[in-house]
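Following this line, the structures themselves.
Two complexes are shown next, each including subunit A; its partner changes from subunit B in the first to subunit C in the second.
After this line comes the complex of A and B, so read on.
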């Protein structure tokens, strides 16, 4: 890879960039070694941004254009095993095509960071945002986080490397970014200088797991039923440890950069005294917050809780922020056909997390904003009114609603 | 009354045989109004050549008893342990077992180990490990069946074993029901005859706790989940082992836990006098089983040899490497050490092993390809006469 003499920016600066370009800036600051690319919207914006950084001489990394998404993830998996800091990403069916390689990564404890530019799964062929692509790794040992803004995307990418590459964790991390709304909108983003990032993010050290001639090891053996459960248990343990490591990382991040000082796992908006709370993840935060302000003006105690990490699922924080509400509405930008109450993924996760509470709120499922459809202010009002009625009567007439569907 | 039979066989050439026997037991039990199940141990990977593997048959008077028994994955107190290759009497190690499992380990106290063999019970007891309780060793005369590679060559071993089981464990299946099941399954009167002859001819000998191979088989405990390296990382084995008293020479590093030699059905014996030290056996051995001695000879290490016969096939010197039935040997001792200690004794030992046709006949080597098929009719004539 040729490197020009052009110096990388050194001071903190504000840049007008998209969510994908913000991720690319984080990759430059993390000084990644290997990145693989295969185009699919909306993820491909990040791949273009990284290519530009390399060609400008701002980043020195191996940029490998793979033959498919499956190759993309295989290549970085192996590069990670030999000690390279790697990045990869995809969207929708591209992510699905790579699934075999994606599924094996957590057991090998390879701290890959990946961007999922959320996109509806085919068919019908569609570009718009839906979370079912990234959710496919929900049970596989990937850490999963969803970001709301381009700033959060940059910050979270740095945090993701720090957490994933921590010896106590060594798990891959996927960052969910809503297609179009986040990936393709340009906003002002604070891009920190490299010295601060170096202070925050130590070098990737694989230690005795490094695949290298000086450290002769075998990885990824074939085993029988006498070994698999122990290996899964190890992954379970790593995921449990990730919780503490995430908290540490946010604490240090706040110290060094002065941002991300709130709760790492959930963002709570006017939820403290709320009778009813909307709950969701990703960019729907924007219309929901605006809608809530309007409803508050009318005297309705409505709040919002945004989930930032789905894996590891922050059960204590979720219980804490939602336990005082009378009704909670989970806005799912995904579906889980035939699941309990025909609710979607987040709804069922949340309901399960609240089950042990002595006074648990009613939980309603809202399926909304599929395939890139906007979650509008009217939708927010409609959902809030349903919740307020449940809170008032104490009765759930219908557990699940499709919001914004014609008919 | 619940009964269970395990069949210990070698993959791949006895996989179908193992299944035919356990299926036959269930089919016969059904004739008596019983219920049963026949299954292979899934973790065994019996598609691998020579690997020890197991099939089971469990029969019971009713479904409830059968379920109660089957709540265990692997039957651990078998009425009869059937061994269709007598070299397995030395103990077995497979993908699914750790260490060397004595052949009679899962035979219940007072139960029977039934093997097809040309060896005498006394010779076999040199191989079979001691057991705390009394048990019986039954021998059905015959060589290790090579019926299942690749098209099944029916040599009647399946029905002969069924006939013998009817004699040894009539509470599991009776001869009449075995005969009826064979007739139903194969419509072959000759196979019924084979079963009946086997019923008559099988010989049994009681074995006391003080009899058998006194060796303590190697074993190891599986690690706890927190003791295993994370990330599916397995430390490499050092490329070289030091050997006490050696100056020069080379012994490669080997896995001390998974030895695999129970896969061996034949072993190479080497005439060191005519060896030209050409290195071909050492280079071609897929298991790196050859130690290079300080004198530059190649000594097949029997802790590592799986008995594939590649060394014999690639050796350019006539009669330098000869594959001999594993049944002819009692231990894994170094041939080269024996040769160095006393050359004349070694030469006569070597000659004896190669010429001992009673124990050496096998159909598993490269040079024997196709031979079994030619001889099946003769085998059937012998067992039915």
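After this line comes the complex of A and C, so read on.
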């Protein structure tokens, strides 16, 4: 399909749009080349938004409706290998269906950017937000970030391309967006102009890794025990380098767009002087921040730290922001059945990151808000009170709590 | 507003006029470690030679991945990339789409580049069928999907696939003391199925590397005609079929001469038998399947009864199928009568 590309708006624009539509705007501004769609709620509204942009002539890209999520991810994987900037995404079991393709992408060093509209892994049927879908790639070489607002979603999508396509990195990046809460809620979003984006985001240049008759290379040969360990180590090196590249990207982003000036890896809210800190990722901010303000009014020193990048895991920032607290409560919108203390994924990640601190806070696991259930103000109060008791007594009576669950 | 389909031009690969007119250059060369007598390796070599240097090849997991791309000794002269076992269709679509959009945006030179994705019978007829089927519905991309069918998962230890012939001895269907035949499924007719079900696919063919020139020319035709195309190759496999490697070529011929493997091509919806299958379709006698089966160890446990059953199935295909090898459907009485009436009417009108 050949369409003329309409000039993008010159000035920054404010639009009332959902998280998915905000990401679609970022894709337009990034002038993506190939996108593959397959329906599953809730991520698929981004593909509907992209389809509209293409049919209206605002974006020139190959829009391929695939026959499954596995096809979806394989198609863009191969398009990326010939030098196309690609976008893909899924939710819940759809993401799992594509897992073979998703698993091999980091080793191919292809800078795919994907949206995971977080969804419970049904059965039993549930559309709502749970993080276990995206978390399945945490060990595989995908960079993994979670966003809190539609604005952050747009900004992070631009940053994701910049970091993923940096030759020092060349790793795929998944953006976690809480299903419904973020994917579908409409808010005012600042949409920057194309000139600024062009200044921030260079063209994808695959260099000597390009698959093309002028560069007749063999990609993904049989290496076996001779070489696979060295190649895994290269992946590890790239993930280590990603940390610095992310920092550079946020610095430039702030310079060009005037946003995202804070710490790229963690958002800290009233945490500096806090005795107890709630820790989590995704769209927790609203209930948690409101809850904290109420508790502060009552004289309780409660704070909140929101993790923005799970991979690479920002160990120094996490240690720095949490080391002064007496107790930290990790709110997991996920589960990891049978794991240490029967806590969940983020809890165990965090405990590991804090282990080397000379004065570690107590860490409590809260499993909360599964399957799209809201994390309520009452839940925030309940979790904070548990932490305040731990801080006061210095004793952990119970390492793990399921919050807001009946029976 | 542009509504018509934009299909990029293809390379004009004219048919080779004879063995002596072949190009000298090879694009699949030394470095591989396939078995002695491997017909699939020959298929790769002929396929790459037929396609020429401006080609990108994607290979699904299977023998032709594992044996051909040992790190530091790849046998591919043209750019090559691995794709997952069931992903030949997706690999072809993604590569063709990427090249197309980058040419449109002037990011790479505009030129026709062949895209070929290959898969084995396991990757194609089993796991990748959905992906291939989807691929053949995208009229706007030029690529060829080639399925090299050696009738088992030969790379992993000769396990049966849906393309393994009835009764064959594989590691998943060993003849034993209590049960002589474990594998009772009949092979799918993949080329016919894909041609019948994909109206946008302009070219489908079956090939056999024992007839190398005809095979290469069908690859050239598929790449030249454009859009999504599909070729199904039957490849004798010394390891999986259990015979002396010197017999590969003979077995390829016998598969056609016994009528087990009909050679046909479907171009823009029109089917033609070619090679020896043309004569067979016109009524020339087929060799008995016994000659083909008993030269292969995988059928060594067959009794006369088994061979007879096999022969009957092949006879049925040639006598009763709407199109032998392609469409395993018979016309019902109503349609037969209707056609007969139509013929009578035409004859009457002409008279």
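Please note the rule applied: the second predicted complex is superposed on the first by the 402 of 407 C-alpha atoms of A that agree within 3 Å, B and C clash if a C-alpha of one lies under 4 Å from a C-alpha of the other, contacts with A are read in each partner's own complex, and residues count from 1 in each chain.
By definition in this document, a contact is a pair of C-beta atoms (placed from the backbone, for glycine too) under 8 Å apart; a residue touches a chain by one contact, two chains touch by 3 or more.
Note that the coordinates shown come from a computational prediction; the quantities given were computed from them, not determined experimentally.
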Which of subunit B and subunit C A:34 touches, first, second, both or neither: second
Which of subunit B and subunit C A:216 touches, first, second, both or neither: both
Touched partner set for A:17, first subunit B, second subunit C, both or neither: neither
First (subunit B), second (subunit C), both or neither touched by A:353: neither
First (subunit B), second (subunit C), both or neither touched by A:173: neither
First (subunit B), second (subunit C), both or neither touched by A:226: both
Residues of subunit A touched, compared between subunit B and subunit C (which is higher): C
Contacts of A:278 with subunit B and subunit C, given as first, second, both or neither: neither
First (subunit B), second (subunit C), both or neither touched by A:208: first
Touched partner set for A:60, first subunit B, second subunit C, both or neither: second
Overlap of subunit C and subunit B interfaces on subunit A (superposed complexes): 216-221, 224, 226-227
Of all residues in subunit C, those that touch subunit A in their complex: 1-2, 5-6, 53-56, 58, 65-66, 69-71, 74, 76-84, 86-87, 89-91, 93-95, 97-102, 104-105, 107-108, 113, 130-131, 133-134, 138, 140
Residues on subunit A engaged by subunit C in the complex (per definition of touch): 1-3, 33-34, 60-62, 64, 66-68, 70-71, 74-84, 86, 100-101, 104, 203, 211-213, 215-224, 226-227
Subunit B partner contacts - residues on subunit A that touch it in the complex: 107-110, 170, 208-209, 216-221, 224-227, 229-231, 233-234, 237-238
Residues of subunit B that touch subunit A when the two form their complex: 42-43, 45, 95-96, 98, 222-226, 228-236
